[in-house]
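Here come two complexes built around subunit A, the first alongside subunit B, the second alongside subunit C.
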Partner chain A sequence: MVAPVVLVIGVIIGYPLVRGVFLSLTDANEANVERNIGVNHLPATYKFTGLDNYKAVLTDGVFWDRLGWTVVWTVGCVGLTFLIGLTLANMLNRTLRGRTFYRLALILPWAIPAFISVFTWRMLYNEKNGILNKLLAGGGIDAVPWLNDPTWAKLSVIAVNVWLGVPFMLVALLGGLTSIPGELYEAAEMDGAGPWQRFRNITMPGLRAVSSTVILLSTIWTFNMFPVIFLLTRGGPGDATEILVTYAYRLSFVDSPRNFSESAAWGVLILVLLSVVAVVYRRALRKQGEVW
Partner chain B sequence: MTRKHDDRVRPAPAGTRKRNQRSRPASVGLHAALAVAAVVAVFPPLWLLITSFKPRNDAFSTGIVTHFTFANYTHVLADTEFLTWFKNSVVVVGLTTVLGVFIAATTGYAVSRFRFPGMRPLMWLLLITQMFPVAVLIVPLYNLMATLGLLNQPAGLVITYLTIAVPFCAWMMKGFFDTIPVEIDESGRVDGLNPFGTFWRLVLPLARPGLAVTGFYTFVTAWAEVAYASAFMTGEENLTLAGGLQTFVNQYTNDWGSMTAAAVIIAVPAALVFAFAQRHLVAGLTAGTTKG
Partner chain C sequence: MRRGIRGVTVTALVAGLAMTASACGSGGDDGNGNAGGELAGTVTFWDTSNDAEKATYRKLAEGFQKEHPKVHVQYVNVPFGDANAKFKNAAGGNSGAPDVMRTEVAWTADFANLGYLAPLDGTPALDKPDDYLPQAVGSTKFKGKTYAAPQVIDTLGLFYNKKLLKDAGVEVPKTFTELATAAKKIKAKTGATALYLRGDDPYWFLPYLYGEGGDMVNARDKVIEIDDGAGVKAFKTIKDLVDSKAAVTDATDGQENQLKALKDGTVAMAIDGPWDIEGARAGKAFKDKENLGVAPVPGGSTAQGSPQGGWNLSVYAGSKNLQAAYAFVKYMSSASVQQQTTEKLSLLPTRKSVYDVPAVKKNEMVEFFKPAVDGAVQRPWIAEGNSLFEPIKVQMNKVLTGSATPEQAAKATGDAYRKLLKDYK
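Showing the complex of A and B:
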């Protein structure tokens, strides 16, 4: 019962992973991997180069530049998404007319495949004709180069990702809020606690388990968020919005000649970074007495 | 839609609890904030829908539809490869969902019921795979597919998507199996069923909600995947929807009319599937990640 499972997991995950690590230790590129041209079969001619790729990547400024922006992107997106999600969840967790309507409207972005939403946003952001700039023009404001100026492009991609991410946060936190017993609030009120005190001392601790999970998940997702960047700006203008994942993709599938080994080295480094983040995060939670 | 709320704890009617009473300005502010958020959430998809009914040359007009037309839809369906892409996507996503759910269910069951050496590492592997960025696996998988001649083949994408969906789904399924009493397994064994028979005939039917959730998750993930689809599938007739949509709007062409119509056709089935699944999705997500 267990054996086939381990086997399948090993084949579909273990093999590519090991192979990726191996490739990152070679000088494989488009010209020297095993391939077929017509009827001719060309064997692989790349060779083992040890840690050269890692040395090259880590001493090159590009990696650190991209890492810096990736961190800003991740922290910005997750922070904003969490704050907005938390605010909206608290607003919805009340007796309120039209609550179902608001709830449905607010989770709509989640229901649409991300690449569709991203294309839609590209249309809205269109510099000459997009609706956003037309609205601004109506208010007498100059057109904003949403995706063509490095700073605006960065803000634009973050905005889209927050728009995509809020529904999940909202639903998860709303679930957490409804599981906090109302008696706690009543008791606190008897004792004269104000709204802010109730929020700090009841709501936040009550949400601790669910928020730690969703924050970790969305950190990982955002760090690796490929479609938003790739489809919205292709990493541009220049490489202003390129995060680690899209840059690694570019190395092996956009640039020519394709550089498989360096791309693999980027991949391994990304994985190591994320693992460190996850372990540190877990440690921190455990110190606060969290079971997870 | 209101039925969805039946299973949650309804707040006590206003008046019995002090915190449910709001002053008039507070109430107006709450509704205003939620209304703004709802508009922001709904506007992009709505604008996409509106634009798709405009004549091609009006794609960027700011008004609501002045000349209502289905031309974009008929153009996309009749004159482009859209139906081929749609078929490709359905084949890939369908196979992925069926296989993925099966593998995830067996894995989840094994992890939930059996104690075996290497179990903790396996659990960790499943969890860590959630952090695998596209960049780690894409190069080795690409090379593997090239060697096996699976590039541009649906089978290649199916295998790839399994690597994304299975670990997460297995994790979720474990959460569901953990809620099913072990006594059921024991009674099966007493009745002479082998472990797989117990799993297949007794436990699996009870885990149906879990199967639904993992199925939905796999479907949604595969339907919206961009990176692998863009890298592994080339040539108009091999593209899936994510790749095909990129051909309408890229650096060379700007066919926003076709893009919007195609996007609407792609989004509708996904949104419907999502509407059924969303409530369970969050429960599954948090069950899988917190009960580890």
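Showing the complex of A and C:
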């Protein structure tokens, strides 16, 4: 009965994964893998190099620099998205006029393809011709170098990612909120619990199942959020906003011949990091009595 | 709720896979070649010309069908920035690559090294090879074979707004030092900034580097040169120009911002190439076409020079319709097509004979750019030539935003080159 599942998983996940791990142990690149293109035949001349790629990556300061910023980026984005999503979800989880409209409007960023949103943001951020700086100039404020200054660029990419991520948090948390029975709040109110006490003792525990899942998912997505950074700043200015995945891309796809093996080593390291995070996170949740 | 979320993920995954599958499915057109005599089938042509140029190129490419009615030209405009990666993805995967592509001069050796290009020696594609300018031929050769036909040659020049310079009472600067001095007058008299400095594109760094007598690498002796004194000075020049407010810059969108600033008259000068002549003239500052002046790029402390660039036409080795592709390259690099791109777009031909045509001879942009091209610095035509740019880009960003000193930037670029070019000193 499970044979089809095993087969599909094997084909779409297993093979690429094994192949990636294998490549990371070689010195394969675009110039030495086998291929036939019309009259040209390139033989495979790459060889097994063991852990050399990993050694090279881990002893290079670049990896650790990028890891530092990737962690800041992930924690910043997930933290802000969760807080904003939670606040908005609570505000929308009551009967108010035009609730459907608000809900729809807040989901809109999710409905637009990410790359279109990012390009729009890039135009808004344009230091010389963008609307944001035109608005600020109207208020007598100097132009802000949104994407041209390392610190501003970091804040700018986080802002865009939060903007993109809030709808998901909102929808998920709103779903969680509607599943909390209203009687609990009524009972708490009878016992004289204030709004904050109700939030802390009913809403938060009631949301735990949902929030722990979305936080983990969101962490993994943000950690690997390639399009926002790549399309907004290409990792720049300099390499200020480069996270691990965009740096791996630059290392291995911008230079020629494309370095498949080093790229694979970066990929495996990223996978290992995320797996560790996921396992630790689950352990922590289990200690709190949460079964995931 | 949990199941709900997982459901969403699975749906997204399935949708994503379906999209990937359909994207992969669209293989190349299997237009069949010719048995003997008339050409037939489809020639897919990837053109990399910009917005101001693409309509002309499309028309010219489709003109091939008049000569060969059975051939269908599939014209595709691929933005310059994506073209290199897009071609490699398609060519390496053996699906979706065009039959003919307009390749940047630095890409030709790179693609040839990876086996993506068909050698053109002895094919109809190389028509009257002696008619090509010798410097244009340089980039088409790799390991003794020819992998492309030169189509357009170019270099950088200093575009200037004649009126703004006149109002400020300054001459066209011959060096970056002169430019910095003139900047104060220009700002005081006209309110405009003197120069737009492309801080986002490493190609624009080369005049500063050549101006100090430096180079990226010396390919003949296999020596990395960027991190010697000249490289440091070049980084310092761009930093000083921006710090002293003689120049404005950006780390992103430099192409659009530079052209807009020049067109609107908010900057008096910009370093740019012939491909932007038409675009610049569309702006309000150049309603009077005569107002756009072009001069050699300013020099540095020891020399003056700008990089030689341009475009070649190359044939994908896996093309299913090689004969038609060769004929198409022959047509697109022919004297008559080159003459038309010059007349319509002021682009510089690569054929000597075209320069003798009166309409080309008296084109004022050709009048300026031809001597500039003759004096332009040839880049190292090695397989890694294009990869030399990325480290410069990162470091010039860093210098301009103050997160690296010119010394650190030059050293970091040199270190990156050493990783890339293992057998270089």
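Convention: the second predicted complex is superposed on the first by the 284 of 292 C-alpha atoms of A that agree within 3 Å, B and C clash if a C-alpha of one lies under 4 Å from a C-alpha of the other, contacts with A are read in each partner's own complex, and residues count from 1 in each chain.
Here is the rule we use: a residue touches a chain if its C-beta (ideal position, glycine included) is under 8 Å from a C-beta of that chain, and two chains touch if they have at least 3 such contacts.
As the structure is a computational prediction, the values presented were derived from the model and not from experiment.
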Most subunit A residues touched (candidates subunit B, subunit C): B
Partner chain in contact with A:86 - subunit B first, subunit C second, else both or neither: neither
First (subunit B), second (subunit C), both or neither touched by A:186: first
Touched partner set for A:122, first subunit B, second subunit C, both or neither: both
Contacts of A:158 with subunit B and subunit C, given as first, second, both or neither: neither
Which superposed partner A:78 touches (first subunit B, second subunit C, both, neither): neither
Partner chain(s) touched by A:175 [first = subunit B, second = subunit C, both, neither]: both
Touching partner for A:233 - first (subunit B), second (subunit C), both, neither: second
First, second, both or neither for A:30, with subunit B first and subunit C second: second
Which superposed partner A:149 touches (first subunit B, second subunit C, both, neither): second
Footprint overlap on subunit A, where subunit B in one structure and subunit C in the other make contact: 12, 35-36, 122, 126, 129, 172, 175, 209-210, 213-214, 217, 253
Subunit A residues within the subunit B interface of the complex: 1-2, 4-6, 8-9, 12-17, 19-20, 23, 28, 33-36, 84, 88, 91-92, 94-96, 98, 100-102, 104-117, 119-124, 126, 129-131, 134-135, 163, 166-168, 171-172, 175, 178, 182, 185-186, 189, 195, 198, 209-210, 213-214, 217, 220, 223-224, 226-227, 230-231, 244-245, 248-249, 252-253, 260, 263-264, 266-268, 270-271, 274-275, 278, 292
Partner subunit A, residues of subunit B touching it in the complex: 1-2, 4-5, 8-9, 11-14, 17-20, 30-31, 33-35, 37-38, 40-42, 44-45, 47-48, 51, 59-60, 62, 103, 106-107, 109-110, 114, 116, 118, 122, 125-126, 128-144, 146-147, 149, 159, 162-163, 166-167, 170, 195-196, 199, 220, 223-224, 226-227, 230-231, 242, 245-246, 249, 256, 259-260, 263, 266-267, 270-271, 274-275, 278, 282-283, 285-286, 289-290, 292
Subunit C - residues contacting subunit A, complex: 1-2, 4-5, 9, 17, 85, 88, 91-92, 94, 110, 113-116, 118-119, 199-200, 248-253, 256-257, 260-261, 316-319, 322, 383-384, 386-387, 390, 393-395, 397-398, 400-401, 403-404, 420
Subunit C-facing residues of subunit A, complex: 12, 30-31, 35-42, 122, 126-129, 147-150, 153, 172, 175-176, 179, 209-210, 213-214, 217, 233-234, 236-240, 250, 253-258
